[in-house]
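Next come the structures, one after another.
Shared between the two complexes below is subunit A, which pairs with subunit B and subunit C, respectively.
Entry: the complex of A and B
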């Protein structure tokens, strides 16, 4: 599912940060809350028990609490906590990292006045916008980028900032807007779901910003703050640091925030921002049932039906989605609200040769599955899933290794010595000792040649 | 090639439970606001402190997942009131207000702040996640209104002051709320997992036996676990509620440490509970209350048609619930008490033959 995937990428990034940087991150309650939400459920529970308990928790207590069959979950949770430096262990007891504990407590109780959750604007906005406008705006900006990647001719080109980000992240290559081509990584990016896509871009932005001398901690603070903002409310720029103000301009291009013009003193987060730290599942299920204000957009609901006879029916009219489907489905007919096609060997091979993996195709189909599909367990028909994987295996029938073949040894002894040396070096790719020939990789060949020369010159 | 075989890599039950873990959860909190009940707990814990702990608990529930939801219902002596969400109030409208006045605040100070700030007090404060703040302030404000509006007559039941609360009303209200929100289990599977949690201080619920049992069975059908957090004395039917629906029953020994009890035992939701060993009461008081006098009985009489429980056979010979007329002879059999027979030994041993007729074997009727 996509949820672990986007979590893993932001988690990987966070775990890759050194401890002092993480501790600086934990000063802001909004960041603590956002990071807390990214953790797996059991880790969240462990933190909650230790939050208000001043004494450290004994590790044996934890073991006694978790059922025997679920010790893997416990282990994973503890690993995750250790990786983010959230717990400190000493003499068999666990205790929470102090800054994080204070930050999370403040987040829960609202104490310790700080501006980490975004300062709403006090004054009325003369050009107030509503949620529908924000949704459309976000949709347009985001699809602009995606359309540009896919190559549909919309006539509009994203900003230079966006283009440089795409180039930098390896999603597209080329120097001018007119000759930019999508790369393999870009294809894979297209198949991810919205949340994962945004995080991919934002992580690239983070990497870029370190080169630009922007403080990664501030960038992260701003991102996590965005995740906790309320849709439809305008926020003031007062509390933002200069770094964060620069970020605001860039985020405008991605459609994450809306600002009427760059000198405006207020900004509105869009749905892309508010769902930064939530799961996609939230958009599909609970939000739809509990909050009637959400309009049904293709971004957010499943629309693909996959049958056991490999036929695909997609209830969408968005050119973007159709273009993405076209990558691996052979589309046969198009109606006002639906396109129909079939997954065939040719279509899948075309996708595979573009660098898309079978897993990504399957993940895409799973995420965008029509709610009717959820009736069946498993979600996708196993025949189709297996067949896609088999087609991928077909591409991997042959593996090519460049190198040199050694044969025609004069004596068994000689063969044994040289083959043994090659084997010890680890450069031997293949050998057939009864025919006295072996195959060495290209890189290792030089060493074998030197060895043989030494032997010949050195005697015997 | 074996690795591609469908059966092994296609998750069966695992997939369903993974999906369940990703489902957001709805927590309905029923707070017992009987003034007398809380007054009786007063050295150990006050309503003020308990509400503070509960607000933090609610915030942590909301913190677990972006789309978790909560509802708070107050079960008062003679009415049931929604503390959040209040029907008719629109939480998406924010009233622009001058910048917040709060300095360092804990939720206890928030209680006093709401009392002094009035409406929409500090909704726009940047120091607290807005979702938390909306819930907390609504709960505090409504609770205050409720308590201020209680008069002495409301606390009385049958003319005497009691600490009874309308738990049955609160349970039915919450089940109806859950039903409305979850919308029943449709083809696509349940979209939200709901559970009910009751914080109770009252001691006697015998008068509400029938409605409470009905609510318990309804909750069982809807697969909604009912957790009970009990402060004070144990109450008979709440244990059964937790046991039947698969919830957690905890009697707080040290009410001061309420927040820790809440975080450890009550915070994990259904999906997580499968992996944990949750502390709950194992010995359950399965007594029932009779339908005629609401007395708690261990052994009683049961109508064989509708299974309603009586402490003694009904006086008019028919079941009050299903109007079955009982056979009067059978009833008489049941009402028979053992006859005590006095035997007099004849003084004159020679007159052995004289035996009293009443020296018959005493008739035993099965007592109770």
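Entry: the complex of A and C
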């Protein structure tokens, strides 16, 4: 579920860009391919039908591709395409944006010689690293950041660049590395899966880069290029622009790429980079058929067993995962390869008051469920899931609205006029016409006061 | 001219409303108006106090398995 949510964020960002910027983006075939992958299936179908067809397509021809009853999907797909300026419409015909069409054709047929997919190094690397090393490196760098957020004492603190990113994104607050504290948004961030977390940080980086005078288009080009690189292959820095070289330094800190030292002329993408825009390797699902598409690393991340008596057994010794579990589980005992605890009312309420929602807790438990749990359907015991939701409802027994109570109207007519006005403004929170009282919100009160004064002065 | 009183509208179910009214019966400084079965207007400054008292009263009536273990150990 996180990838669709993530797609909406990067999509929102892309849709927010003005048309000339988007057209500059489409010059790079790798970007076109990455954007194509981010689109919903029906939009992809439409693009493919128009891709190699030089003449414009009549809008009604598209109806032939759509099943009866899926017209909302068709409408949504077209809206998305319009939002990203991918199609041009004139007199009932549609055609693909020229630059995008050329870029995507290039990406698919490998036509023009271009650097947007990254230039692999053709010289031998004296200090060659293998995939296992890259995975470990990525894991360590990423966990360093997460540990810092959770506050476990590892003694190592991430670089200033990372710290300022955490501050800007609202995940942590504080001025010096020693007094930085995690925020509610930070807690929610911790419970997301890795891919969603990376995209959150990268989108923040994108926002920050505009302030730092870095060209957003080049930043995006580089990000989408990373998504198409091959794991285990080293790439040369020759194709990168100065902006992108600066990015490379920052991305090293997040563990997205590996560079032996900053003067190296080559870099290796890690798994965090290569899974940026792909479907697989991102989320675990309970369906057995997905297991084959999931890489070995992801299978190992399922380690939590949740029983119907609310007891939790987590087969992990990673301090980070134990710290995250501690957010909502009351951990009772710790062994060499496992921690055990219980989900209790206290522990869930503590999490809820820190800003974590019941849905996030349930999503976390689902994503990190031990392979043994997949034998039962549904995955998590319904008793526990329902009870976590009930505990959240318990916290919300009172609904509070600040505002003003109006009473003592001299006549029914007066009441009707003022209540009607409040109703039309949409600021009425509660009313009882037979008692001639109503309650308006704090924000709307000023307008009601002005209206009443005008009426009184107008002598109505 | 109608009268406007500044306060906080509370929307809740009847049992919670009864709890708030009983809290109010001691000092009469919480509830400003009793509107109907599910709505009350209370004093703005007392909102946090009401929430805390509500929490503690509801918590009193819940069973905590952890306490049971501690009691057994003693």
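Operating definition for what follows: the second predicted complex is superposed on the first by the 358 of 460 C-alpha atoms of A that agree within 3 Å, B and C clash if a C-alpha of one lies under 4 Å from a C-alpha of the other, contacts with A are read in each partner's own complex, and residues count from 1 in each chain.
What we mean here is this: contacts are C-beta pairs under 8 Å (C-beta built on N, C-alpha and C of every residue); 3 or more make two chains touch, one makes a residue touch a chain.
All of these numbers come straight from a predicted model, not from anything done at the bench.
**Student:** Looking at the overlay, does A:23 come into contact with subunit B only (first), subunit C only (second), both, or neither?
**Tutor:** The answer is neither, since A:23 touches no partner chain.
**Student:** Once the structures are superposed on A, label A:432 by its partner contacts, choosing first (subunit B), second (subunit C), both or neither.
**Tutor:** After superposition on chain A, A:432 lies in contact with subunit C alone.
**Student:** For A:456, decide between first (touching subunit B), second (touching subunit C), both and neither.
**Tutor:** second
**Student:** If you count the residues of subunit A that each partner touches, which comes out higher, subunit B or subunit C?
**Tutor:** B
**Student:** If you stack the two complexes on chain A, which partner ends up touching A:185: first (subunit B), second (subunit C), both, or neither?
**Tutor:** Neither partner.
**Student:** Touching A:346 in the superposition: subunit B (first), subunit C (second), both, neither?
**Tutor:** second
**Student:** Regarding the shared-chain residue A:400, is it in contact with subunit B (first), subunit C (second), both, or neither?
**Tutor:** The answer is second: A:400 touches subunit C but not subunit B.
**Student:** Which of the residues in subunit C come into contact with subunit A in the complex?
**Tutor:** Contact set of subunit C toward subunit A: 1-13, 16, 32-33, 35-36, 39, 41, 44, 47, 50-51, 54, 58, 62, 64-66.
**Student:** Spell out the part of subunit A that touches subunit B in their complex, as residue ranges.
**Tutor:** 1, 3, 29-30, 33, 36-37, 41-42, 44-45, 48-49, 51-53, 64-67, 69-70, 73-74, 106-124, 228, 230, 232-233, 239, 275, 277-279, 281-282, 285-290, 293, 371-372, 374-375, 377-379, 382-383, 385-386, 389-390, 393
**Student:** In their shared complex, at which residues does subunit A touch subunit C?
**Tutor:** Per the touch definition, subunit A meets subunit C at residues 330, 342, 344-346, 394, 397-410, 414-415, 418, 429-430, 432, 437, 439, 445, 449, 452, 456.
**Student:** Mind listing the subunit B positions that touch subunit A in their complex?
**Tutor:** 1, 4-7, 10-12, 15-16, 18, 21-24, 56, 59-60, 63-67, 69, 92, 94, 96-100, 102-107, 110, 124-130, 132-133, 136, 181-183, 187-189, 191-192, 259-260, 263-264, 267-268, 271-272, 274-277
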